[in-house]
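One structure, pasted below without further comment.
Per-chain numbering from 1; labels A, B, C, D, E and F assigned in written order.
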Amino acid sequence: MEIILSAAIGILSASGIWLVLRPRSFQVVIGLCLLSYAVNLFIFSMGRLTPGAPPIMPKGGFIDPTLYADPLPQALVLTAIVISFATTALFLVVMIVSRGLTGTDHVDGKERSQ
Amino acid sequence: MTRLVPHPVLSASLVLLWLMLTRFSLGYLILGTALSLVAGWAYSALHPAKPRVRRWRVIPRLVATLLWDIILSNINVARLLLTEGRGTRRSAFMQVPLKITDENALAVLAIILTATPGTAWLEYVADTGTLVLHIFDATQADHYRDVIGKTYEPMLMEIFE
Amino acid sequence: MSATILTIALGYAQVALALAGCLAGTRLLRGPRAQDRVLALDALYVSIMLLFLVTGMQLGTAFFFEAATVIAIMGFVTSVALAKFLFRGEVIE
Amino acid sequence: MSPLQAVPLFIAIPVAIMVVLGSTLTLIGALGFARLTSFYDRLHAPTLATSWGTGGIIIASALMFSVIEGRAVIHEFVIGLCIVVTTPVTLMMLARAALQRDRAERSPVLPEDMQLRPQHPEPPAQG
Amino acid sequence: MISEHMIIAPILIPFVTGALMLLYDDRQQREAKFWLSIVSTAAQLLIAVELVVRAKTGGDISDAEGISFYLLGDWAAPYGIVLVLDRLAAMMLVLTALLAIPSLVYAHAAWDRQGPHYYSLFQFLLMGLNGAFLTGDVFNLFVFFEILLAASYGLLLHGSGQLRVRAGMHYIAINLAASLLFLIGVSLIYGVTGTLNMAHLANLIAQVSVEDRPLLHAGVAILAVAFLVKAGSWPLSFWLPTAYMAAAAPVGAMFAIMTKVGVYAILRLSMLLFGETGGASTGFGASVLIVLGMATVLFGLLGVLSSQGLGRMAAHSVLISSGTVLGITGFALAGGGPAMLSGALYYLIGSVLAAGALFLLIEPMNREDGGIAAMLALTADAYGLDDTDLDEVPDAGLDIPAMTVLSICFALCVLMLAGLPPLPGFIGKLAMVQALIAQTALPAGLAWAFIVLLIVSGFATLIGMARIGIQTFWASDIALPRVLALEITPVIGLLVILALTSLKAEAMLRYTTGTARALHDTEAYAYGVFATPRVADRSEDPAP
Amino acid sequence: MAEHNLFLLLACLPFATSLILLTLPQGARGASSWLSALSMAGGLAVLFAFLPEIQAGNVLRARLEWVPSLGMNMALRMDGFAWLFATLVLSIGLLVVIYARYYMGRNDSLPRFYALLLAFTGAMQGILISGNVLVMVVFWELTSFMSFLLIGFWHQGAAARDGARTALIITALGGLCLLVAMLMLGHAAGSYDLGMILRAGEKIRAHSLYGPMLALFLMGAFTKSAQFPFHFWLPGAMAAPTPVSAFLHSATMVKAGVFLLVRFAPVLGGTEAWFFAVTGAGCVTLVLGAVVALYRHDLKGLLAYSTISHLGLITALAGIGGRVALLAAIFHICNHAVFKASLFMAAGIIDHETGTRDMRRLSGLFRPMPYTATLAIVAAAAMAGVPLLNGFLSKEMFFAEAVDWHNGTWLDDALPYFAIVGSSLSVAYSLRFIATVFFGPQATDLPKPPHEPPAWMRRPVELLVLICLLVGIFPALTLGPIINTAARSVAGADMPYYKIAVWHGVNAPLMMSLAALGVGTLIYALSAKSISDGPEGPFLLHRIRGQRVYDWLLFRLTWRLPRLALRWLSTEALQPQLRLLVLTAIAVACGALWGALSFASDLRLHAPNPGFGLLWLVGAACAIGAAWQAKYHRFAALVLLGGAGVVTCLTFAWFSSPDLALTQLLVEVATTVLLLLGLRWLPKRRSEIAEDKLLPAKVRRARDLVIAVIGGLGIASIAFAMMTRPLISNLGDWFLGNAYYEGGGTNVVNVILVDFRAFDTFGEIAVLAIVGLTVYALLRRFRPAPESVEAPDQQTLADSPSLDDYLYVPSVVMVWMFPVLIMVAGYFFFRGHDLPGGGFAAGVTLAIAFLVQYIGTNVRWVESRITVLPIRWMGIGLLVSVATGMGAWLFGYPFLTAHARYVHIPLVGEVPAATALLFDIGVFATVVGAVVLMLVAIAHQSLRASRRREMDEAAAARKEVA
């Protein structure tokens, strides 16, 4: 599983990086989304993988923390998801506003000069 | 009462939905009721007119027919899909003039036709009352025309109009 | 015995659903038209929702249920928005 | 102890059957979806998953968890209900979009009588 | 009781003000919003001053050599999030508030009408800045960074327009990417050490195993890249001049402190983690910081020389100051001793205030005829569907000898940024150079190279600014611009503060020296957090 | 004590006066000149009060603490040298003030002029009397700055601006060098106190930094005193009003440089390096300045180069550094100040009264202005070193030093020749000045008919010329004692009294003087014609002018080169910047990990699940597909992004994070709709970009692909290394153990979010609110691209059904979903603390519920039925959450301290009641507000566009009717 997940993180990041380096603003938006998936998975994986044991506790009794998934990275990812949602939205709006003002969807607001 | 619970049926179904989602307890019931009231008001803000359901007792009959139809068409379509390699199947477009015009009834009909594999609702042209369907197996065209026109449409008209 | 039966059945179901997801995925990638991709995404959503349920059964936990519910209730919003965009060129007007 | 072992055999068998049925139908649907050649044909394929594909699995799930938890667990039916209610919306909106695009392009996929919207029998006279 | 919660006030006051103003009507109650903002910011200033006093003398809640801690949610460190007030944080809080008030007043001249919700965004920016300075938790730092960034996006784009939107897009894209790096870094640190609390990290770092240490270093290094972007370090700073230049003047003024947040984070974390108690990691990254600092100064210097407009030049001068402090941080990390850090901190205060003042001067200095109304009309609603915002064209102009006042203010800014006497720029550079000459721990060549760069950068600033100043004040024969009292008063205020900074240099240097020493001595910070008792535990003890 | 205060008064008086002057109105000419003159006179009075002390050889001190920790205090120190110099400055300053009162025109603001002049005087005086070398640098830079303003006083002219800027740049550069030099000096001497440094000469000369110290010090001194090759700023400075020139060239500014050389000669001097550098530069400057002076046609230009030449002489003396040499240097400083001030004033009078300074036009002025001519002739004679005038005496002393003093170097041997050449040229240009301006035929084509100036404009010149004569004839009676005191204070108290006499007998210096007079006359006689016809400079040399070299260099160094460098070193395009960011991150990570990254010896691996693997095949393919399609098939990319997203959700769920799966799914829906809403405003790319197929584009893509692959590999391997490491004890363990007992909830993630780390959540909702506001604000000013203002293509098709028709049936179901989604939102909200869900999930759900209504119908339909005020929701949400947090204060707990307990309600039983729930309500409301605000703000653009279309159509229709 670890191999699959790290490969997944790698592919998501590589696609994201490639897109972020592209000249069209929409490509950058998609790239940022892919990168945020990759980073969320990355953060998540920092707590190591634990299938089938969500950090939802019984009411009372002793708890062996090694049996449950690490809740902290999950909480961090939740915050990160929210923030990246917000910032993606913002970037998107800036993108369309820029498209309107500059007449091109190139990230520099002008086509590459020859 | 109407002001408080503008859509009693809706609110009741919502409470039921709530109880399905959670587990039954008095606390949940109270909470669910409160929420369903809020949801009911919200709905009535959008849709002050109550959809009138005239005959309740038709509903179980409709559901039973539908379930049976779904099973049959599942088998039918699965078989066709698996044997399609033989290339005998043809699909077809067909137009069905509808008598019902109530939008709720139409929605239910759409649900029925979609839940039944083999028929796909393509478009309903409101000003002509024509329904355009796509059917997976062209040979079944008449069957579907019958089912819609003679089974479901009357039942829906009974319920809604 | 029952555990064995269930394990086999659920294991099969898992692979079958994943495969279904995969097939939807190929359509998602191949298209050819935009409507095919939207339909494929919808199919992928459903496969994954079913996979959630099956995996939940396999592990004996109900914790997959919320995610499945969200897909069931809200998955259509994505598809509807995409479809409306195809039809009208804008989502909200 | 795996929770699966707590399921008695007479429940386990129907559960297994339903699960296999549901997933198989879904798989068949997906197979068709991948193989069918026209969009309108493909439109039918996922409904296998959203009808009895989903149905089988939610019934199995409800059955199994009811037994494990010793009470009626029916929240799965919410899923079923929602799928049944929302799938048509998706499909009909998508289908109509496809229809419109095909009509605009005069696509050969559509037969001649489908190239135009069904017209009103007597077009309303201009006032 | 109030004093116990004073530490969190710099975060909550702007938050509450910002949120409250969302309930106000944006147009009819703008005046009220302005006054509310002023009151809020003034309160922040007062509290920040009080906190400085506390940091100097030791707090009354828990006293670890002047460092006070605030356990949020009453959870003991390292489990909960903790706010840490030390000399450095307190100083930055005061600086923020000092910059904010003039900027606010200035904005009221016209800029707040360029778009909706200016004051709320402004307060949120303050919240983000203050939070970033106060928090003692790495992930919480991320959150505050995001707050201040989000607010800065909003403020940068305030008023829209092609230039701003284009610059804003670059600014946002790069900062989004940097935020992702931030997350990667933080999570790697958590993965290796299992903690997010800075003090806890400082305690754990010496014990990290040999196999884990490279991963930890990678995490911190990636984190540092995120900070370096904010700090405007070369080669990650090309976006900065355009963005700062494009921003509305009062926003540009606030941006003067934005780079310093990045510098602050680097300073804070590197001293805490890789200071003398860092075990095998001691001094990690010092040489990189020195080199980057020098490269940044060089870049800023070239930029100042080659800029045609004052805005770009001001932005590059911000880079110079940022690079200077970065480089000195590197030196301090490499064992250069607290004296130069003290000078750098003092210099930072002066350069932030001066850059702020300069940004406020840009627009009045370049104002063509048409004045503010024309500027507002330029950004009015595109469709003409909404009621225009031009309901109240400002008319608080005072008939002041604009050129004279403007030129004096400009000259003072130049003196400060070029490091010429008698302003703090000179004293700060003097302190740094003295310490660099006197230090023995570092290779002399590097230190001398840095000294030369410091001097040359000041000189370049002088050349560039003199060029612009001569062009603006001497060579142009346009009529005197009309300058509003609301615009010029904040500038004068900032310059008065600068003058005081210079006059009270000794006291301030004493403070910064204490700050630098505290930064070098991580023990008080690293262990103080854990000694702070929860209220719940305190109440269980029989009260003494 | 009184003395101390007087001393401080002396230091502050000019600055204080300057400030007062600044507040005077423009027209206050009389008041401002009186005030300035009184200030100067007051300073002089103070100085004369100090005279007895000074004569007694005492050093006066005063001290104000400024930055003691940096060794920088306002320490004032006055010895004989400083006293003499200060007196010189103030007295000439007084004369300049008087002169300027009549010289400056009606349009000039005299108060401002005097304010600058006094501030400059104060700064100059500060250099002289500061007792701390750092403070000296402070004043040093201040003189640079003030002289910049003075030179540029008539800034309407380009020459003034350029001259001012050149002066500023050169002297400020020197000042910065001097600063470093002083820092080194202080470091070597262990103190910045001038007295201490003056005593630490040996230590300093032995210090390892002596070389650089000397170089930097001389940079400072030479730039200020206009020594070759930094001389060129001084002629440029004559663009200043003449009173300023008179002041700068005589007693101040340039003299600050030589003051410094003389002052520090005992400390830094005495070495060969010093001698060669200082005397060498001095000699070159002496000759070169004189040569150029001879060739200038501009009166002030001649005087300016003469100043340079004389400064060379003083510098050469300082380089020699012996006691007598220093005394001679001091003496010449005074003499030069007197005659040069008078000459400049005379030149100013000529300029003022004739309207030109060009010696080719000026001629025969003796007749119309005989008094002025006489004065100028005497002063010029002093400059030429004619006996019985002061210039003669100090020059004689220079000759004596050149001949008598030896250190055995070649430069030493060459000194007499330099001296003779310099002096001869000095005679020549003085002669030229006198001969061309005052004699010959009277010029007729002058801009103004020449006549004598107002009497008070001449008085200062008269006084100065009188001094020239008095000192020249009775040196021992006039300046002798004080010059000796000054020299003693520089060279040491044990220096014997040097008697300055007019007549030393027939000796080598006298012969040299006579030779110089003769040769000089000869030179002028031979070259007069060719000079006045020739270019403004000696043969060939006029082509290589310092100013031009400087301009060339300055332009290259401060404009062309930086711009070029920046073009190479930076970029304004986004892509390279992002590439750099990625590369930097890769580089630092590699730097930390290269050769050091190790995987755990016992890999912690879970057996791969085929289903999971299969779905990630889809996920990865979707990611790559999205990357592939995003350029031309945005819609496809968007759908593929959705595919990758849903597989990511699956992963969260699979590895035990139901909350994450839930939230990610919800956000996914919102994001997709958002992107779609945005896509409406990105017009289709009509044609593919031709350039894309070309090789450079391919190379760029290949390079980025490599970067992307490396980045992906890197992050994947780091992730793998971390995931397979053994579990460590961490904060998560504590949260697991304490969530229920301490936080009162079983869903640990939620307890973390609303309790343990609620502060993060608190910040997170702030981010959401801010972004919501920003989006809203930005869209208020939205101008769509022209191509997308029109309704989308689909809507303009001939056979297109209306929106209502399209949504006729779907909208029914979508409206049905509204209450259902509200229930679901409530469901997520209330179970959050114990099970997956929570305020955020609930908020997004409710927002989607609204969204579905907007999609299912249209904006007007929805908004005529329900009013959502998203900004209100946000405001209230934020306030609720902060109020909950602050509620803890009432009970004496810190912000956000949660309180959880079970409340017993009859019939219902135990109900959990936690303040965290209240906090979550705040989160919920904020999220609803922010998400709805963003979606609706974008959605409204379509409405605005269509409203605009409708308005246009209506207008067109009206037009048609009319």
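Simple rule for what comes next: a contact is a pair of C-beta atoms (placed from the backbone, for glycine too) under 8 Å apart; a residue touches a chain by one contact, two chains touch by 3 or more.
In UniProt terms, the chains line up like this: A = Na+/H+ antiporter subunit C; B = Na+/H+ antiporter subunit E; C = K+/H+ antiporter subunit F; D = Monovalent cation/H(+) antiporter subunit G; E = Monovalent cation/H+ antiporter subunit D; F = Monovalent cation/H+ antiporter subunit A.
For clarity, every value in this text was computed on a predicted model and none was experimentally measured.
The chains in contact with chain A (Na+/H+ antiporter subunit C) as well as with chain E are F. Steps from chain B (Na+/H+ antiporter subunit E) to chain C (K+/H+ antiporter subunit F), minimised over paths through touching chains, total 2. Averaging the CA coordinates per chain and comparing them to the mean over all protein CA atoms picks out E as nearest. Taking each chain's centre as the mean of its C-alpha atoms, the one that lies farthest from the centre of chain B (Na+/H+ antiporter subunit E) is F.
Ranking C-D and D-F by contacting C-beta pairs places C-D first. Each chain gets one centre point, the mean of its Cα atoms, and the points for chain B (Na+/H+ antiporter subunit E) and chain D are 13 Å apart.
If you average the Cα atoms of chain A (Na+/H+ antiporter subunit C) and of chain B (Na+/H+ antiporter subunit E), the two centres end up 39 Å apart. Centre-to-centre, using mean CA coordinates, chain A (Na+/H+ antiporter subunit C) is 21 Å away from chain C (K+/H+ antiporter subunit F). Averaging C-alpha coordinates per chain places the centre of chain C (K+/H+ antiporter subunit F) 60 Å away from that of chain F.
Counting partners per residue, chain E has 139, 143, 146, 150, 153, 157, 160-161, 165, 169-170, 173, 177, 184, 188, 190-191, 196 as the residues that reach two or more other chains.
Within chain D, the positions touching two or more other chains are listed as 29, 31, 43, 45, 50, 75, 78, 82, 85-89, 92-93, 96, 100, 117.
The set of chain C (K+/H+ antiporter subunit F) residues touching two or more other chains comprises 14, 17, 19, 21-22, 24, 38, 40, 59, 61, 63, 69, 73, 75, 80, 82, 84, 86-87.
Chains touching one another form the pairs A-C, A-E, A-F, B-D, B-F, C-D, C-F, D-F, E-F. Interface residues of chain B (Na+/H+ antiporter subunit E) facing chain F in the complex, by the touch rule stated above, are 10, 14, 17-18, 21-22, 25-27, 30-32, 35-36, 38-40, 42-43, 45-47, 103-104, 106-107, 110-111, 121, 123-127. Note for the complex: chain F touches chain A (Na+/H+ antiporter subunit C) at residues 572-575, 578-579, 582, 603-609, 612-613, 616, 619-620, 623-624, 626-627, 630-631, 634, 637-638, 641, 644-645, 647-648, 651-652, 654-660, 663-664, 667, 670-671, 674-675, 678-679, 681-683, 685, 689, 691, 704-705, 707-709, 711-713, 715-717, 719-720, 722-725, 727, 729-733, 735-737, 739-740, 746-749, 752-753, 757, 760-761, 764, 767-768, 771-772, 774-775, 778-779, 781-786, 788, 834-836, 840, 930, 934, 937-938. Within the complex formed with chain F, the residues of chain D that make contact are 82, 85-86, 88-89, 92-93, 96, 100, 103-104, 116-117.
Considering their complex, residues 14-15, 17-19, 21-22, 24-25, 28-29, 31, 34, 37-38, 40-41, 44-45, 48, 51-52, 55, 63-64, 66-67, 69-71, 73-75, 77-78, 80-82, 84-93 of chain C (K+/H+ antiporter subunit F) touch chain F. Only residues 65-72, 134, 137-138, 141-142, 145, 148, 152, 155-156, 158, 161, 164-165, 168-169, 172-173, 175-177, 179-180, 183-184, 186-187, 554, 558-559, 562-563, 565-566, 569-572, 574, 576-578, 580-582, 584-585, 588-589, 591-593, 596-598, 600, 715, 718, 721-722, 725, 728-732, 734-735, 738, 755-760, 763-764, 766-767, 769-771, 773-774, 776-778, 780-783, 871-872, 874-876, 878-879, 882, 885-886, 888-889, 892-898, 944, 947-948 of chain F touch chain E when the two sit together in their complex.
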